[in-house]
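Some structures are shown below for you to check.
You will see two complexes here that share chain A, one where it goes with chain B and one where it goes with chain C.
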Partner chain A sequence: MSQSYDRGLIEDFGRWQEFSAGMWAWIFHKFTGWVLIGYLFTHIAVLSTATVDGATYTQTLQGLESLLLVRFLEVGLLAVAAFHILNGIRLLFVDLGVGLEAQDKAFYAALITTAAITVASIPTFLMGAF
Partner chain B sequence: MAEHYSSFEPKGTRWLLQRLTAAFLVVVLAYHFMLLHFINHAADITFAGTQVRMSQLGYFLTMVLFLIAGTFHGVNGVYNALVNQGLDGTQKTVVKWLLIVAGTLLIVQGIRVAVAMTGLF
Partner chain C sequence: MSTQIQEQETETETETEQTSEHQTRRLAEKRERADMRERAEADLSDADEIVRLKIFRYDPEVEGKKDPRFDTFEVPFGKGMTVLDALIYARDHFDSSLTFRHSCRQAICGSDALFVNGRQQLGCKTQLSDLEWPVRIEPLPHAEVVKDLVVDMEHFYDQMEAVEPYFQTNELPKGELEEQRQTRENREKVKMSTRCIWCSACMSSCNIAAGDNKYLGPAAINKAYRFAMDEREGEDMKEHRLNIIEQEHGVWRCQTQFSCTVVCPKDIPLTEHIQELKREAVKSNLKFW
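On to the complex of A and B.
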């Protein structure tokens, strides 16, 4: 069954050119995970305006949405979430022992699909921003 | 290459919960994004619209479960990442309790927000 696999020091980013697909997947999954948990705290903080009153909530959300920077950050958030979801599905399959020989291809597929979803979403996120 | 390689070995409750919440979050996070960015555009969201959605029991319970699952998955993920980086001893214990407190506060505040969104209280 399982056996140890020497991946080397992934924390040593100076050797990034030697990184395999699996190491990039590990780094991207960690990075997107940190972004998502950070965003969750921010998201609840913003939505907490609902505890003040309805008008404050509506004004806060619409005020944020009127900022072009926020629209671009939302595109970034979608990219981060899409990758974490798609690579997460790949990891669940790995844990189930399914498709192990195609792990690197599945990672590339997750990257390409994330890019496609992100590009396709840009018109929706920027609608009415200009 | 090993016949079966994973960074994680089955290690009990937290290991299993991380994967169960992952499977749930894959579906609900995608649904959340679709509903609140593509079906209802974020720029058009008002308290009245939020209240209509949150007043439906099934939607309300799904969102509360989403909050709890997301918080557990994220906070447990952060803890695992820090342990992977070598966090140990007293620091490990302090970080563990900080994360437990932060996660609990987030869930409590999130539920307060969810209840406020129903407009019932």
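On to the complex of A and C.
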């Protein structure tokens, strides 16, 4: 063999349409995991305003809740957390070797349940926002 | 320009030096190729259906073929035709330089794993009627292409060798000629894992193996499973095998994307085997005192 041709990474994300259920589950789990880590930092920042005094904390929260963007982000956060939890349970079963032949169905079930939870939460999060 | 003239000179020299025997053989071959083409044209006009193949082409040794490209071939479709059948037809009738590996044509030699319509499949086991047309045929991803559809398998074989893919035991039976019997239950346990044909489809589909060249990969771990779960090898050999697969680039790299299990042409539950080895590795390291 004199030379060979390396096609690089063109086979990866360029072919997202051909990804299988397990692959999508992995991508979503990574993505939601990173989002949740990012959220933890803002969460700590908001909570730490309580170390000043109670009034500052209340003021911060009320200020945030008055922003329409924050209301929408809260819906997104719930969706992300719900999927991460549900897929986490799926992965727990995968690690225990239980029902591996139904792992794709479990992923779809996690997606549908996440969608249902998210839709059901919209009235609560967006009440009084408009 | 100068090289062209030189080439012409050498060509005429050899022609005069060679006996006419060589010349007649070459002409005969040329006629045969023309016949094949004519037959192919007849086949194509007779065929009810014509399947179009888009085949990845690359040849580093020929100037003008160094840039990878896709060639389109039209092949008369017949009932029961596989991807490999179509490739063989295209090579025999249209372009004898079309290169791909194949041997047994019955999904046991593991030579013709290809990337067909965006998925790792065995050419000989994939029916054209099951695919979307035109059919796009490429070499396996995440492996270096040597020529056309042929990829370098050296790395895959290295990983397979790394898990010591052969039976070894310190517990030999007492009698000199006594057989090493396996229980039926134990045979059932390793049955699926013994079916591996070393085609490398799983390795090619694995996202982790693509990014981590040291990762053993699904096929090698499955091979380790086949022997680690074999009771005849004995306890100390099992410990030795677990030591190999629990290394940093062993079973723990698997992130259960199930890509390997989806593409395996022999339906081996690869992810299940990897997960079971993970649990075995944990069990052998847990101490409750």
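Quick note on the criterion: the second predicted complex is superposed on the first by the 119 of 130 C-alpha atoms of A that agree within 3 Å, B and C clash if a C-alpha of one lies under 4 Å from a C-alpha of the other, contacts with A are read in each partner's own complex, and residues count from 1 in each chain.
Going forward, a residue touches a chain if its C-beta (ideal position, glycine included) is under 8 Å from a C-beta of that chain, and two chains touch if they have at least 3 such contacts.
Here the structure is a predicted model, which means the values were calculated and not measured.
K.L.:
I'd like to know which partner A:Tyr57 touches here: chain B for first, chain C for second, both or neither.
P.N.:
first
K.L.:
Given the touch rule stated above, what does A:Val94 touch, chain B (first), chain C (second), both, or neither?
P.N.:
Touch partners of A:Val94: chain B and chain C.
K.L.:
One more residue to check, A:Asp104. First (chain B), second (chain C), both or neither?
P.N.:
A:Asp104 contacts chain C only, not chain B.
K.L.:
Considering only the touch criterion stated at the top, classify A:Ala81 as touching first (chain B), second (chain C), both, or neither.
P.N.:
first
K.L.:
Under the stated touch criterion, name the partner, chain B or chain C, that contacts more residues in chain A.
P.N.:
B
K.L.:
Between chain B (first) and chain C (second), which, if any, makes contact with A:Met23: first, second, both or neither?
P.N.:
The second partner, chain C, only.
K.L.:
For A:Arg15, select first, second, both or neither according to whether it touches chain B, chain C, the two together, or no partner.
P.N.:
second
K.L.:
Looking at A:Trp34, would you say it contacts chain B, chain C, both, or neither? Reply first, second, both or neither.
P.N.:
The first partner, chain B, only.
K.L.:
Can you list the residues of chain A that touch chain B in one structure and chain C in the other?
P.N.:
1-5, 11, 26, 91, 94-95, 97, 100
K.L.:
Flag every residue of chain B that touches chain A in the complex, lowest number first.
P.N.:
Chain B residues touching chain A: 1-9, 19, 22-23, 25-26, 29-30, 33, 37-38, 41-43, 45-48, 50-51, 67, 70-71, 74-75, 77-78, 81, 85, 102, 106, 109-110, 112-113, 116-117, 119.
K.L.:
Using the touch definition up top, name the residues of chain A that touch chain C in the complex.
P.N.:
Touch list, chain A to chain C: 1-7, 9, 11-12, 15, 17-18, 20-23, 25-26, 91, 94-97, 100-101, 103-104.
K.L.:
Report the residues of chain C in contact with chain A in the complex, numbered from low to high.
P.N.:
Listed in rising order, the residues of chain C that touch chain A are 58, 60-61, 68, 115, 118-119, 141-142, 144-146, 152, 207, 210, 255-259, 261-262, 269, 271-272, 275-276, 278-279.
K.L.:
Could you pull out which chain A residues touch chain B in their complex?
P.N.:
That would be residues 1-5, 11, 26, 30, 33-34, 36-37, 40-41, 44, 47-48, 50-51, 54-55, 57-58, 61-62, 65-66, 74, 78, 81, 85, 88-89, 91-92, 94-95, 97, 100, 121, 124-125, 127-129 of chain A.
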